[in-house]
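See the structures that follow.
Both of the next two complexes hold chain A, though its partner changes from chain B to chain C.
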Partner chain A sequence: MLSIISLSIFGIVNLFLGFLKSRRILLPATLLFLIVALILNSMDWNQQALYFGDMLRVNNVFVNFAGIVLITALLIVGISRHFGNDEEHTHPAEYYAILLFSVTGALMMIGFENLIMLFVGVEVLSVAMYVLTGTDKRNIRSNEAALKYFLMGSFATGLLLFGVAMVYGATGSFKLGGIASYVQMASMYGAVSPLLYVGLLFLFIGMLFKVSAAPFHFWTPDVYEGAPTIFTAFMSTVVKTAGFAAFYKIASTAFAGVYGFWAQSLAVMAVLTLLIGNITAAYQGSFKRMMAYSSISHAGYLLLAVVAKVPSSQSAILFYSLSYSLATVAAFGVLMAVSESRQFEGRGDDRYEAFNGLAKTNPLLAFVLTVSMLSLAGIPLTAGFWGKFFIFSAAVQANLTSLLVIAVLMSCVGIYYYFRVIIAMYLKPAEGEGISVSAGFTLTLVLTTVLTLLLGVFPDVVKNIF
Partner chain B sequence: MLTLALILIPLVAAGVLLALRGGAVKRVALIASLVEFGLATYLFTAFRPDTSSQFALSFDWIKSAGIQFAIGVDGISILLLLLSTLLVPLIILSTFHHSYKNPSSFYALILAMQAALVGVFVAKDAFLFYFFFEAALIPIYFIAALWGGENRIAVTFKFFIYTIFGSLFMLLALVYLYLQTPGTHSSLISAFYELNLSAAQQSWLFWALFIAFAIKMPVFPFHTWQPDTYVESPTPATMLLAGIMLKMGTYGLIRLLLPVVPEGVHQWGTVVIILSVIGIVYGSIIAIQQQDMKRLVAYSSFAHVGLMSAGIFSLTLDGLQGSLIQMLAHGINVVGLFFIVEIIFSRTQSRDLRQLGGITQHSPVLSVFFIILVLGSVALPLTNGFIGEFLLLKGVFTYNAWIGVVAGTTIILGAVYTLRMVQKSMFGLQTATTEQFTDVNTNEILVLIPLAILVFWIGLFPNVFLKLTEPAVADLLRSLK
Partner chain C sequence: MIPEVVQRIPLQYYIFFASALFVIGIVGVLTRRNAIIIFMSVELMLNAVNLLLIAFSTYRSDPNGQVFVFFIMAVAAAEVAVGLAIIVMIYRNVRSVDIGLLNKLKW
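Showing the complex of A and B:
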């Protein structure tokens, strides 16, 4: 709980640090703040407590999810090398501050015990993301992305709030426990208010929008492509992890009593998400857009664990989020380095061709991206394999056979598009010159690779605490 | 410990190779593979022919998932272990005249591949098996895609996705089986043997597992990746693919499919045998049409593996024993044949039978070796191929006489396409391309002599090998009844 408070304070401190002449202090300061928050977060281990008038619950699940979010944020700050260097990004203090605020929002979403808190968390996270999407302010795509994200996002938040209101109308409670006991009783007597079903659907739609699950994914490709890459990385990792933490919590606790009702509709959406995400990703010519669709497809795998709703689902979601976040940060990091040094049609080149021959010019970057792609594709001895493994195990336990067959087929499609970039790097002739990257940037990327491989060989290291 | 060393030696050597440059790379790779072979030979001589798992080692790997790092050698794996350690030094030696660009990565990948292959054959835990099964794919993909022919990118990509596709279904099946094990789950393959699965479960599990192995082997109609991949890959990769990797599929059938889903095997066995026999005839007929020698050998390999798979599904002692010894024999013959194709290609820049001819006049030694290997391949008595094919056909014949008759055409058709290849390339008039042909050099002879010796040794003394495998195979069959 101290992590939430400290992060909000650190965000404000960061704003004031912007007044200093030396901007170099911002990056180390933000890193330090996040590390402090991580330490404070780990101090909550094995604490069971409710805070803020029973609005927020801190337990080990909270600590785990918050840990993933904070580590991801740390890694992303670690690769944010260009803030303040060019005229486009003249206010680095604000970006770092907003980043910290959005992490605060994410932690609220993870720990909420009351639907009001969920709404506040979603808003804090989303508003921060709208701003960050538009930070490349002279780039028309960035502006378009921000506007699109904002309009669609507010609409979704509206639905979410509407859903909360209806659930309150049906159950008379904002608290997860209160809703759960109503749902339990009502479904036992077969007298569940239709208002609850409608409210539940609205609530779910709002959440599914945030995690970009089909058919609420239409904003994703444009926003991911338009946003500065560093914030795309943030969006596709932190937002997704927090979104699924909240989503699983609400589905498995408050609405556990009407599992039969929502499991079916979610199963349909999981299939849609898997199909749309993977098949469309295979047709992309731009690596960045491919990553956007791949992020949709990973939402599909995560939904599988939610639909399964077995005791092991939660640790499967945790592991999957962690492995996915590590690989995605690495992928976007390499993309940033490549697209900044190679131009195409007057802007950073994010097509597959930009990666041609990278293995010859920058073997290390190529290796990092290869491991990241293998992990996203779920090849053994990477973290991504175990992510898929635990999700599939959960789904097998719940007998979701037909869903699994689709998931397996779609994994194959995934291998196709992830390998395209590996092929470009290793098998195509080099076009550009070598890319020079800073030591800190390289270190962060290597760290993600090492973690991905480590978790691939010894998943027990973290699986034991999840 | 010895078994673990068999996995680690090539892996460590691969790491060392990456740091080396220049001419030392080849020699270090060869030495490492010879050490590996020496160790495997010791294992082979110390192996007691019974049903137990020997040189076993096991420790917890992923405790939370009940996955153990359990390895060991038993009667079913011993011959394949021997095969994969025997062929790699020969494959490395066969490349000595050829200079591949970036040799340290090239040889490191070959050794990494060997580590994974050995791992597949010694794994006693289903997920460990799956890891090595997949891990073998990455090095071979890169060898083929980096050093292959013109169409390599598209062809190897198809191969990669095809095989991963199969493996994913196997993974699904393994996860399912794992969750069926009682109590705190276990993923030991032997624990899967004990499961009492219903016929309906076994029916779909059969296909989930079978597709993975069928694609690897490949069995008709899952073979479409194979000829192109064999042709486009550099010859050492083709040798690895046809000589050893293919056996991962047949080994998987015996190790996992038969004992885990016996009822599924009874239910679908006939379908698979018919598919396999179709593969034999179909592969042979296409092989007869080929002008490209490498493609011809590729199709012949496809035809031969069909017979192995039919023999395995005959569920007879002869069929299974035959398939095990034939895996060894086929590995030796096919590697030899691909090597001879490579020797011819390196001198004439051609594999086209229409452009070749009369090579015997220039290189009598090469033709002698070629004929020995071809005789092994067409299963002439006293050669290695005869033992395997005879037992396999006997097994299939016991299963169903009519299918046995059709499968028996493999002997005739095999003779047609292989002898045609010898006749067109070695005999007849010499052509413009073969005028300057020079005979084999010392390196090449060093590869060919052991292969030729093995062709006869296995052919004359098959019992040395058969008695090692018999107790384990007989035990397996008992558990199926």
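Showing the complex of A and C:
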């Protein structure tokens, strides 16, 4: 709980640091703030408590999810190197501050115990992300992404709120416990108010918009492609982790009593998400856009764990989010380095061709990207394999056999498009000279790779915590 | 205690009215091409939700729903600030707020 308060204070402090002449201090300061928040967060371990008028629950699940979000944010700040150097990005203090604020929103989404807190958390996270998407002010693509994200995001918020209002009308409570006890009682006597079903439907649609599951995914590729790469990395990791934490919490606690009502439709959406995400990703010519579709497909795997709703789903979602976040940060980090040094049609090159021969010019970057792609594809000895393994075993426990078959088939499709970039790096001739990257940037990328491999070899170390 | 003035209109009427407003908002978002009008439609959706919450809250004599409305109003104001800033930023670049002109990213 202290982590939430401290992060919002640190965000304001960061804004004041922007008055200083020297911009060098901003990056270390933000890293320090996030590390402090991480330490404060780990102090909540084994402390069951409710805060803010029973609106926020802190328990080990909160600490785990918040830990993943904070570590991801740390890594992303670690690869944000060009914030203060060029004229286009003249407000680095604001960017770091907004980043901290959006992490605050993510933590509120993870720990909510009252739908008011969920709504405020979603909005703090989303409004911050609208701003960050449009930070490249002169770039029309960034503008377009910001507008699309904003319009679709506020539309989704409207749907979410309508759902909340309907659920309130049926149950008379915004508290998860209050809703759960109403649903339990009403479904026992077979007298569930139709308002509850309408509310549940809209609430779920709103959440599915936020985590970009099909058929509500159509904004994702455009927004991910248009946004500055560093914020794309943030969107596809932190927002997704927080979104699924909130989604699983609301589905498994408040609406556990009407599982039969939502499980079927959610299963259909999981299949749709897996199919659309993976098959469309295979057709993309741009690496960045492929990563956007890949993030949709990973939402599909995570939905599988939500549909299963067995006790092990929670830890499966945790492990999957962690492995996915690590691999995605590494992939976007390498993409940033490559597309900044190679131009195509007057802007950073984010096609597969940009990676041609990277193994010869920059073996380290190529290795980092290879490990991250292997992890995303779910190849053994990487974290991604165990992430998929835990999700699939949760699905087996819930007897979701047909869903499982589709998921396994689709992860084979995934191997095809993840390996395209590996082939480009190792088998194509090199174009252009090597890319120079700073020490801190390299260190962060190596750290993500080491963590991915460690989790791949010793998954039990982390799995026992979750 | 439900005020007598409110009681004269059944709760269903409030639900139908709010839902109608909400649907008008959704249709506006999906069919209009002007960013500002889409934005107004989103606000209409939020106000439909506010109305719904107040109606439920009054009929249940439970203040929680009205507190939620304050949160929605405050957050919607923050959203308006960011949204209009984004629209102004786009207007400076392309001299239009028609979303049809924004096709640099393929759908």
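One rule holds for everything that comes next: the second predicted complex is superposed on the first by the 466 of 466 C-alpha atoms of A that agree within 3 Å, B and C clash if a C-alpha of one lies under 4 Å from a C-alpha of the other, contacts with A are read in each partner's own complex, and residues count from 1 in each chain.
What we mean here is this: a residue touches a chain if its C-beta (ideal position, glycine included) is under 8 Å from a C-beta of that chain, and two chains touch if they have at least 3 such contacts.
All figures in this text were calculated on a predicted structure; none of them were measured in a lab.
Is A:Asn464 touching anything from chain B or chain C once the two structures are fitted on A? First, second, both or neither.
Only chain B is touched by A:Asn464; chain C is not.
Would you sort A:Lys148 into first (chain B), second (chain C), both or neither based on which partner it touches?
Only chain C is touched by A:Lys148; chain B is not.
Chain A residues in contact: does chain B have more, or chain C?
Residues of chain A touched, chain B against chain C: more for C.
In the superposed arrangement, which partner chain does A:Phe218 touch: chain B (first), chain C (second), both, or neither?
Second partner only, chain C.
So in the superposed three-chain picture, is A:Ala49 touching just chain B, just chain C, both, or none of them (first/second/both/neither)?
Once the two structures are laid over each other on A, A:Ala49 reaches no partner at all.
If we overlay the two complexes on their shared chain A, which of chain B and chain C does A:Tyr426 touch? Say first, second, both or neither.
In the superposed model, A:Tyr426 contacts chain B only, not chain C.
Is A:Leu32 contacted by the first partner chain B, the second partner chain C, both or neither?
neither
Under the definition above, what is the set of chain A residues touching chain B in their complex?
Of all residues in chain A, those touching chain B are 379-381, 389, 392-393, 396-397, 404-405, 408-409, 411-412, 415-416, 419, 423, 426-427, 458-460, 463-464.
Spell out the residues on chain A that touch chain C in their complex, using ranges where they run on.
115-116, 119-120, 123, 127, 130-131, 134, 137-138, 140-141, 143-148, 150-151, 154-155, 157-159, 161-162, 164-166, 168-169, 172-174, 195, 218, 221-222, 225-226
Would you pull the chain C residues touching chain A in the complex into a rising list?
Those in contact with chain A are residues 15, 18, 22, 25-26, 29, 35, 38-39, 42, 45-46, 48-49, 52-53, 56-57, 60, 62, 64-65, 67-68, 71-72, 75, 78-79, 82-83, 85-87, 89-90, 93-94, 99, 102, 104-107.
Could you please specify the touching residues of chain B with respect to chain A in the complex?
62-65, 130-131, 134-135, 138, 142, 145-146, 152-153, 157, 160-161, 164-165, 168-169, 171-172, 175-176, 178-179
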